[in-house]
Amino acid sequence: MNTQQQAAPQAADDYASRDWWRTGIIDMRPGEIRYRGYAIEDLIGNVGFAQMIWLMLRGELPTAGQAGLLEAALMSAVDHGPQAPSIAIARMAATCGVGLNNAMASAVNVLGDVHGGAGEQAVALYHDAAARVDAGLAPADAAREALAGFVELHGKFVPGFGHRFHPRDPRAPRLLQLVDEAAAQGHVGGRHAQAARAIEAELARQKGRTIPMNIDGATAVIYAELGFPAPLARGLFCLSRSVGILAHAWEQTQQGGRNKGPIPRQYLPVYDGEPPRPVPGAG
Amino acid sequence: MNTQQQAAPQAADDYASRDWWRTGIIDMRPGEIRYRGYAIEDLIGNVGFAQMIWLMLRGELPTAGQAGLLEAALMSAVDHGPQAPSIAIARMAATCGVGLNNAMASAVNVLGDVHGGAGEQAVALYHDAAARVDAGLAPADAAREALAGFVELHGKFVPGFGHRFHPRDPRAPRLLQLVDEAAAQGHVGGRHAQAARAIEAELARQKGRTIPMNIDGATAVIYAELGFPAPLARGLFCLSRSVGILAHAWEQTQQGGRNKGPIPRQYLPVYDGEPPRPVPGAG
Amino acid sequence: MNTQQQAAPQAADDYASRDWWRTGIIDMRPGEIRYRGYAIEDLIGNVGFAQMIWLMLRGELPTAGQAGLLEAALMSAVDHGPQAPSIAIARMAATCGVGLNNAMASAVNVLGDVHGGAGEQAVALYHDAAARVDAGLAPADAAREALAGFVELHGKFVPGFGHRFHPRDPRAPRLLQLVDEAAAQGHVGGRHAQAARAIEAELARQKGRTIPMNIDGATAVIYAELGFPAPLARGLFCLSRSVGILAHAWEQTQQGGRNKGPIPRQYLPVYDGEPPRPVPGAG
Amino acid sequence: MNTQQQAAPQAADDYASRDWWRTGIIDMRPGEIRYRGYAIEDLIGNVGFAQMIWLMLRGELPTAGQAGLLEAALMSAVDHGPQAPSIAIARMAATCGVGLNNAMASAVNVLGDVHGGAGEQAVALYHDAAARVDAGLAPADAAREALAGFVELHGKFVPGFGHRFHPRDPRAPRLLQLVDEAAAQGHVGGRHAQAARAIEAELARQKGRTIPMNIDGATAVIYAELGFPAPLARGLFCLSRSVGILAHAWEQTQQGGRNKGPIPRQYLPVYDGEPPRPVPGAG
């Protein structure tokens, strides 16, 4: 073996190298850690977990009213049971001989456009409708136009409304009530709650029946009211659902079992492929 | 193509099949969701995010004193900057054309025994030392014996003490102060804080210099005081660090860049392998 | 604790349940395993790894000519060094106390639209150009129209052409040579190789300089010639790059190190955030 | 915002920085790529996928006899159907709105000690038994001692023998037959095949019935005969099973469905937790 080292980099490259990793979130020196300028020892004991989430993502500390709504959105979406692919994956992973961190990773990973993206899409939809109201449209007209634009781009699944299991998602009205209270107290403006309700009304008009707001639609109202950009609605959902994922992975660990698949061993998947046949040229 | 369906399962199998997915965490009916028996609409607005984490993992709601300590442990470990592999991975993933959920998954996934397991190991170490005190040993003797047992099993890296960057981790003393206050008010017993300090003293005696408690050692004191089993210390760290992971992935997204690796493109890794050679039998 | 079991499912549901997991890939009975109808004991010793990949994805065995091209595409894209995020992630993960499977997962996970999607997009682009030729256009006109359509939809990065490190990617001409040989022998039709070259010529015309085909563009020619749908080009790239990912994770394991980040510990990322400030209301 | 840049690194640090990423696998210069010293354009067309896997992991090219056995081990373990957690996870992930790379990652990730580690453990077991033969023991005695050592360390599950679904795994005898043929032709030594058969015989003696070698045990014979270290047996299994994972993720994509969980929506998991109760202090 030989060692073929590259020529020493130029001074200008050195700078580029150090600048390659650049952040405004955390500043460290030996013995010193600051997040967004705040010393960690000052934050500890004065700032809760949800407030810290806000600080890390937004750069400033939230007001008490803002923090309360964020807590509600985060705590209400932690789990929807083992029928959800993410939860089932966490439980199966926990039986395969990997760590809780790995079980969480395999599960959080599937919170993609279909499983975890409804909140992100709903925030974008509310932003659109609210902007149309700001531009002078009546809420109902803004809702109709925003909906039409969304369906043209993304198809018939309108995120945030309707539920294949719950005729009425019990989480949504309670979250909306909290938003209304916060708006009455001036903690948030209420424009996106208005937009969401106008969209719900427009959907009911179009379909001839109520398609009630679900958990994704309601947490999206909160995230939009709190000023989070749409992609962070998915990020926050991942933080929230990670709790249920961890709880189920842990419960499965306690139940035991090795290598648990989706169905018990005595069941076989239905096979609908080629009938038995010989390999050409084989013995 | 043909369809070769399996014989219909027996009635006994049906039961087994339904029992294959079993949980005590969440109970649902159409329009109804209960966690650990509590209706979600009753929890929303009355229970914060950290309390919900406790309920999901422990089955009961925490007291205010317990919830306060859990908040502190969770908020203090969210981030240690882009030099940590998990944070760097999140930032690189964010430039590769995957979702925030995927960036979070690749990053949380590496919080294994070395990167994320110190808290879990420290809780187990404190449990061991505290149990020896309960069995009648003086704290210093219990610490010495527990340490010896740990090092024999796991090697020279004692989790929770010492830091390769911080001469003194600024997070640990502040967290211990909160534990002391909580113990003084009767929220926790204080046995594991005592065990941790005895281990710190024993380490200093053995090494001839202070090896101060770090963030993993301090959060482990809290998790042990709060009664979490050791593996959940890793799980809780994953929840906590997920916040920093998300924040850095998001910041990187805002900075832009495509396909960002660990070093700028003008740098090449050092090659120390075989010199150029021909492929036997090739052209 | 009580046990609230659900009512027994109906017979019709039972059927639905068994049909929930349905496949044409594998059929098993105790002591018997068939893939696409072929008994595993007949396949073993008669079919190589690349042929098995083809069988699993396509449902039939490849001809020798097809298998040879697939081998070449798979073996040529295994690795592009630790500057690639996927490889760096595999190496960092290997130092964090997780298994090789976990290191591979964190790394394969980032082969998204930007890092792993070029082949998929290039196949789609070639399909489009070849279809325009089939519809009667001259290859140059087809290339121009297909390119224009792609850029309008996806932006200025044309997948499969140009390389930020290699002025001329040494893999592409050799792979194209194999395609030409296979076309001359009738193993493949050559339409997509023609389309790719017409696109390369059109790009050169537009930019005023050659933007030579790269590894993604060349393997995409092979996958398109072999009849793979575009999304499988990404899947096949993931299989291929998994080899480099595994090799680097393993080499890093042998080099040792614990918790290796992107830069050595003595370097700090540049901080460009808020200056030090007090926490409002804290101590 | 201010910018607090770190002091410029010392010259000695610069070297350390460049050496931080070091490899003997791949060497690149603009327009040039070499793996283990071989130019990529020389490898393409002369080396197949399995041979490239060997080169990347071992540093040298395999002989034809070695390559043939590696092909057989890799192709025989690609899939064991949707009851395996890894395959089920890949299929569920594919319905959640993530890419094929993400579906593969979530699935490969669970190939841990229980689901993917049997081959690794079996290689280590064979190494141990073969070393005892080398040290002078009769094969039967070596097998008994190696087994006893394994069970004491790892518990009662002896990896590589017995199958919960197949009374006799149809893959194992055929793979062993290939090993015997390769040994007869001098491609491999045959010591580990001997060790594996002695362990099978010892197990039968202990249990009073045959516990036949399974796919993990048989591929482990091949990997051990070929000189792979035990951890790479897991890595190679991950490469192999990635093929089935990709094929099932792709088939599920073609079947359609959104957000598919482990059981159909009309089924609910059995709930065995707390009965309904009020939240203390709520409403």
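Note that the chains are named A, B, C and D in the order they appear, and that numbering of residues resets to 1 at the start of each chain.
Quick note on the criterion: a residue touches a chain if its C-beta (ideal position, glycine included) is under 8 Å from a C-beta of that chain, and two chains touch if they have at least 3 such contacts.
No experiment lies behind these values; they were computed from the predicted model shown.
Using mean Cα coordinates as chain centres, the one most removed from chain C is B.
At the chain B-chain C interface, residue numbers used by both copies make up over half of all numbers present, so the two copies contact each other through mostly the same positions. Averaged Cα coordinates give chain B a centre that lies 27 Å from the centre of chain D. Measuring from the averaged C-alpha position of chain A to that of chain D gives a distance of 32 Å. Averaging C-alpha coordinates per chain places the centre of chain A 20 Å away from that of chain B.
For chain D, the set of residues touching two or more other chains reads 1, 4-6, 9, 17-18, 21-28, 39, 43, 45, 47, 81-83, 88, 98-99, 101-102, 105-106, 109-113, 116-117, 165, 260, 262-263, 267-275.
Interface residues of chain A, counted against chain C in their complex, comprise 18-19, 21-29, 34, 36-39, 42-43, 45-47, 59, 61, 98-99, 101-102, 105-106, 109, 262-263, 267-283. By the touch criterion given at the top, residues 1, 4-6, 8-9, 14, 17-18, 24, 27, 81-86, 88-89, 92-93, 95-98, 102-103, 105-107, 109-117, 157, 164-165, 258-263, 265, 267-269 of chain A touch chain D in their complex. Looking at the complex, you find that chain D touches chain C at residues 1-6, 9, 13, 16-17, 20-26, 28, 30-33, 35, 39-41, 43-45, 47-53, 56-57, 70-72, 74-76, 78-83, 88, 91, 99-102, 104-106, 108-113, 116-117, 165-171, 173-175, 177-178, 231-232, 234-235, 238-240, 242-244, 246-251, 253, 255, 260, 263-264, 266-268, 270-275.
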